[in-house]
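What follows is subunit A paired twice: with subunit B in the first complex and subunit C in the second.
Now for the complex of A and B:
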């Protein structure tokens, strides 16, 4: 249906929200924690996009990052460990009018929730997922997670972890129906905000891995990248992101990368020396599960009633027929 | 009569229109027709755009197709002996349908195919029956079959209109049904949560009679009443939703399930269409408003304090032109015969006020005498003027076309139906009873060919300028005054002669019995060099006695070439017709005088400038280079010098980690993007500045120089601050 004149007028009295309208409580994260940067970027997104708090929901699992919904004055669902994605999928199906965001950590998503993660990518439901990857279980005071670099000393790996770290981007890019994969680091706010925004605007399962510092339990692990801008590769493309002049002055290591090139994206994702930052892959043509399930039928009370009756009739014993 | 007078009688005829002498014969004999028509005596023998099939249930894309193209598509993959047999049968059946429809038969393609098969083979023919079944399977489409006759334009436009309406209203209708269900859901949910729904009696009613005794409904009611969530619908909201629902259900613009009988949108005259529109305006405004309120309510976005006032300001009956897009379009079909002055006035009123109406004006006769007889013939005043006037209104979609061209113009017809605003379709049917023995298709095509009824389209939605809006492309050879054709005939020595002949208005009018007096047949013996092609005489425009007489090649019933001269009065009309065409050409960008003048001016200026070419280039060169050079100068903007002793933060790089704000939140604070800045450097000590710089995860705090020289431990602090200069 086209825009009516009355609707145009209604836009005049649209509500305008300030950043403070999305803030709720003082975050309980340690000072210096990268989660704060993610929270600031997301709150800024909500304000700039004019998201109505009552039409927005943040779903999380368990972990430091999963406290995120508490600090957003929107709907929130602090779920159970590893189950943020199934809960978010349910919300999406039942309330297609809501903007659905998911905050999950490396333990929550890549360990206990790994099965849900794989299938959520394949379902490609329209939601924005932030993987706060600090490579450690912080809430439970330092145990190795699947993304901890080999040799990480922790309470569960006192002699250093023995396995190579899992690469969340490579895994995501390997699953059927992947439609949006990006990477950000918490210490480049401008870039983080632009990536969060692009992820929000993508229709489908937008997966953003955010490299996040944990100053409490892994204080030095990201220092080589934090202090050497040359080790960050800014991905730029006319169909991706275009870094500003100010950002380009600091981060001169830039790479032209077409987000529709899946093979190149996989190569970039497996690079452990450099951190590629930007949109690795985007395919807006992948259909969303909720759209595929739409049969266009209007669920009128009559339709629901007749459907139920038909189901009940399968189990009804008809005396006349039996006789 | 003297010899001299006899010789000059063709000239006398040309000037006076009176035939004197025996050698000029009247053109009243039957079967005499323009020579270029010779090949088109029997149209049914040709495979051309007609008959048309109005495709039923065409979901998207084309809703009209030529029978011949449907058959071609069905035969695309026919191969081998069986394929050849199918092809032969299919083409035979197609031709039979063409003969039948030319004789006035109507019906669906399927039915006509059956009839044609019976006509082709009255006795049962197994191979034909097999081909027929196979063809019907391959055609995949059915619908009414139309020949090019007087009824065709109305049926075709009605079909295209209905198709476009269906495409457009389907989504609106389902949207309205959705709004009704969602609004009802809100009321249902409220009822289910209410006290009343939890009384023992109503709980019992929900369980049904068979298992009713198994429950203690008193206890269930007590339990559930305690669990009733607070916050029932406010009475104001409930009544607003009920009012909106009633409005949506009572609307008559769309046929929705369980709704009221919808209005008719097809009219036979402008007056009743206008009357109906005026009657419905208030209802439309109420409906548009109800749709908006319903969407707000479903979205949970209706806020009484803001929206009540807004809707009150809008008023009950206000309807914006943009709101019209929500409603079905009207279709009005009229014939120029019935076009009274009042009707015409109403037609212009509809077009000028931008009402969403598609108006088909069909003319059956474009050579009718003008209402005001002034001595000249003035053909087509009524039929042609409407379309030209409508273009002047600027936002009316206008399509003028002869019926023969309608199949080719189907994309334009589709655009006209989709256009959000008024559209005028002026169509000449060719069904002129005075055109003796000429089929409507041929007559219509000849009218377009001779520029008597040129085809043009004006689509305001296609762009902002005339070049994108206006097109003459459907006309034959639009860049010429008259289209040229090769006329091949046999001369006295039985040799084939091919000559280029223009088809002019004079050729077209020659088909019409009413104008026979303006023509005179010149006997073969009197053919000489003074008889010139009409197109040449039209360009001559000399005064005084003509040295050339305009002649039109015609053929008689036996296909023998004849030459017919034309009187001056008709010639003048042909000049007028050509001038009208030229002005259309200018609008269409062909031989445009503005362009020609501008080109001439540019050429003259270039010629003037030519001798000084080099110095001009020298002057221009630095000027041309300067835009490129300018940014180079502007780019290295002098970096803003900061006083080295002032503390500062690179705010855009702040990652909101709270380290500094926890050290001193009066000195450090967040901006509107939740990024830190120094709000008051004097609100704390230099030590705090240095500690914040050290704690900062991204090292963006620069402490500067201490303000207080007496601060303890300054020397050590200055050393630590050195890392952040």
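Now for the complex of A and C:
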């Protein structure tokens, strides 16, 4: 595999894109759905980072959140349920020149696609992954998801769900090669944007769990946190994020957390009472799979020819010399 | 036999062909011996077909009936197109593995057996008893058993005869088939080329010892005359050929998950792909392997995923996505026995319906089936080209027989036209849509990320030309229409397959995939007897090329021979209203309204030419 030759070219004129350049269609999400906030933050990121729309791909699976790519005027891949990550990995390996984003929901990522999630963390390919976690299946009309709190009443659990919720952050932080884990909530836009931005700038598998409201099926589930800013813990650190003064006025519960401290990150992640918001873990030294698989060989016709001839030589039976 | 007798004066019996087996416990080198014998015979100019004999277990217990490991080589004067019938001569390193082959019915009644006799004087009386019992049994069954002190003779040269007996056996066989000793020495130099010279020297000594021993002690030998080889040929199995085909096609990425019997293709590819800038990605599961390939293909690099039956089933939903999104993709299915886990190491042609009709909804795909080892190589180049020309999924159905058989074919001459062009990053013309289907062919430009003006979201949902989600009834029908048209467009480019034999007659037999050699051999034998039989072999199962109906109509009867199940008309409750046909027969009946009969065999072994001959003769007589 090799880089495209265009990567070697200097950009001679700077491109400038406005927010509208990244917008496509009117989102069909319910009003009040957290997906809208995520879309706004991501479109802002694209504009601020000057991402070229044709060089940017949003890959998703199936679910409400997986409609995301349709609302971006970039390349998008709205695939099948649970398989956004392996599709995105294929894109990434084939095309190091593209910006790769993944939008996946709690059902898509943590249930049907759980195997891929675990392995994607381990591959640590350079992509930014947003887990839109509203703790419920929305598109199929309210069934309990793996992240639904125990006792959630849904169409498949009319008397309340029986299992403890799976904690996406704990799982992610438990897998080898984890390199970036952050958490945001949809109702603090400034903080959401900063986290999305930090995730984008991390080289590796940047996993952002976004705690998201579903006004249609679970309208009240986040109320205790919405109504009590003290139950949000803002993570701050000189190597993490620094909340603004305005944000600090409302969210006073702040914690110095060094994102290189994995054990502490795991402790924070396992707290279901408080929602830690910010960068839980970051290790820029974890190698990316696509880099490990690069061997500097250019896939040229001449190389293919010589490689083939060398292999044929191994298996060729030559006619006996005459005489 | 008296070892002091020398039989310098013996003359070689001339044969048209012979089938030889070398079998041992796993790890005793019978595989290498057999492969070397095949290569040496090929260099002599003989046609060969070698088949691996593989035990189902990784480490079966030593001296066990189910543990036979080795190689079967059919050597002929002319080209050999298949593994043939039963075996003529066996070299067995112990009597238990021999017994396995006897019980499997793999030996001709008059088969000659060269049997290691060290067990006769073994310290363990149980082994001695087992040996003598089997020896007496196979002698009584009419086989000609010759006991050979391979261990004792090898010990004269090496301390551990277990490592080297195979080269001694190779020497014996070179003498028995009048193969040139010098060619065998050269073959050993090639085989052990990576090791130090002392290894080569020692193996050559063992080879020479085997040759000399056979010359001095065996009162017979053969010659299978062949015209001198005039062109270089490569001797590889079907999986290696597939892997080399991937290399030659210009594909850069193979995404796979381990599964028998496909994996050896990926093993080999893993070894060589990186040398030319390619990558083999071992995914976390079959679905991920397919999704990964789809992602890479979508991003501009046509990708291949290699699997076998159960893995193919798992990929079906993802394959449907590639069909829906019109993403080029090559899927190789090295078929094995099914359903479910079935017979992982055995051959079957049971996956054509899954390939043709698989994935829910109407999901038109191209389905190809290589029928020779050479085909395995070239089919990958063709598959990649079709996938990228038509933006379609191309399924290549190989099988366990092709995967493990070796057959020489002319060394390919590399052409740059085989390989894919660089990823197209040219701007999309203003106003062009990602699915601007051509009204006549259904074809549309492939939009690839990075192309300016081409931004859109590919979706597995029903969509319009702009790739916008669309539930409009007209639009949905239009999209199915155009995806289907692409198959017809490809079909218009396909040639009618050639008829083997006369273009008309009493019986036409059709086949696909690895049965080609055996079918044509059986047809030729019947034709030599004056029977008016011809055959036709299909490389494309979907779309079926044109012209087939006209050919079928020129024959009195038509039938298929396939390695998959069909109901037996002799069963009491089976009749025309409920008989399940073999796949190709079903396809031909449905498409051409011709009464096509079928013979299907699912024994896990390649169908023997003698079986086909019997079946065809019966059909002619019916």
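Here is the rule we use: the second predicted complex is superposed on the first by the 295 of 323 C-alpha atoms of A that agree within 3 Å, B and C clash if a C-alpha of one lies under 4 Å from a C-alpha of the other, contacts with A are read in each partner's own complex, and residues count from 1 in each chain.
Here is the rule we go by: a contact is a pair of C-beta atoms (placed from the backbone, for glycine too) under 8 Å apart; a residue touches a chain by one contact, two chains touch by 3 or more.
Quick caveat: nothing in here was measured; it's all calculated off a predicted structure.
Q: Any idea whether subunit B or subunit C touches more of subunit A?
A: It is C that touches the greater number of subunit A residues.
Q: Determine, under the contact definition given at the top, whether A:116 touches first (subunit B), second (subunit C), both, or neither.
A: Touch partner of A:116: subunit C, not subunit B.
Q: Return first, second, both or neither, reflecting whether A:311 touches subunit B, subunit C, both chains, or no partner chain.
A: A:311 contacts subunit C only, not subunit B.
Q: Just checking: does A:213 make contact with subunit B only, subunit C only, both, or neither of them? Give me first, second, both or neither.
A: first
Q: Looking at the overlay, what does A:188 touch: subunit B (first), subunit C (second), both, or neither?
A: After superposing on A, A:188 lies in contact with subunit B but is clear of subunit C.
Q: Report for A:54: first if it touches subunit B alone, second if subunit C alone, otherwise both or neither.
A: both
Q: After the superposition on A, what does A:86 contact: first (subunit B), second (subunit C), both or neither?
A: A:86 sits against subunit C, while subunit B stays out of touch.
Q: Considering only touches as defined above, state whether A:97 meets subunit B (first), subunit C (second), both or neither.
A: both
Q: Would you check which partner chain A:174 touches, where first means subunit B only, second means subunit C only, and both and neither mean what they say?
A: Once the two structures are laid over each other on A, A:174 reaches no partner at all.
Q: With the two complexes superposed on chain A, say which partner A:300 touches: subunit B (first), subunit C (second), both, or neither.
A: After superposing on A, A:300 lies in contact with both subunit B and subunit C.
Q: For subunit A, what residues appear in both contact lists, the one with subunit B and the one with subunit C?
A: On subunit A, the residues that contact subunit B in one structure and subunit C in the other are 1-2, 4, 6, 54-55, 97, 298-301.
Q: Which residues, counting only subunit B, touch subunit A once they are in their complex?
A: 171-172, 174-175, 177-178, 181, 184, 188, 288-289, 291-292, 295-296, 299-301, 306-307, 310-311, 314, 320-323, 325-326, 652-659, 662, 672-675, 695, 697-699
Q: Could you please specify the touching residues of subunit C with respect to subunit A in the complex?
A: 39, 42-45, 180, 183, 228-236, 240, 244, 247-248, 250, 252-253, 255, 272, 274-279, 281, 283-285, 287-289, 291-301, 303, 317-318, 320-321, 325, 408, 411-412, 414, 416, 419, 423, 425, 449-461, 468-469
Q: Mind pulling up the subunit A residues that touch subunit B in the complex?
A: So the residues of subunit A in touch with subunit B come to 1-10, 13, 18-19, 27, 31-34, 36-37, 39-40, 43-44, 52, 54-55, 97, 186-190, 213, 215, 226-227, 246, 250, 296, 298-301.
Q: Of all residues in subunit A, which touch subunit C in the complex?
A: My answer: residues 1-2, 4, 6, 24-25, 53-55, 57-59, 69-70, 72-80, 83, 85-95, 97-98, 115-116, 118-119, 293, 295, 297-301, 303-312, 315-320.
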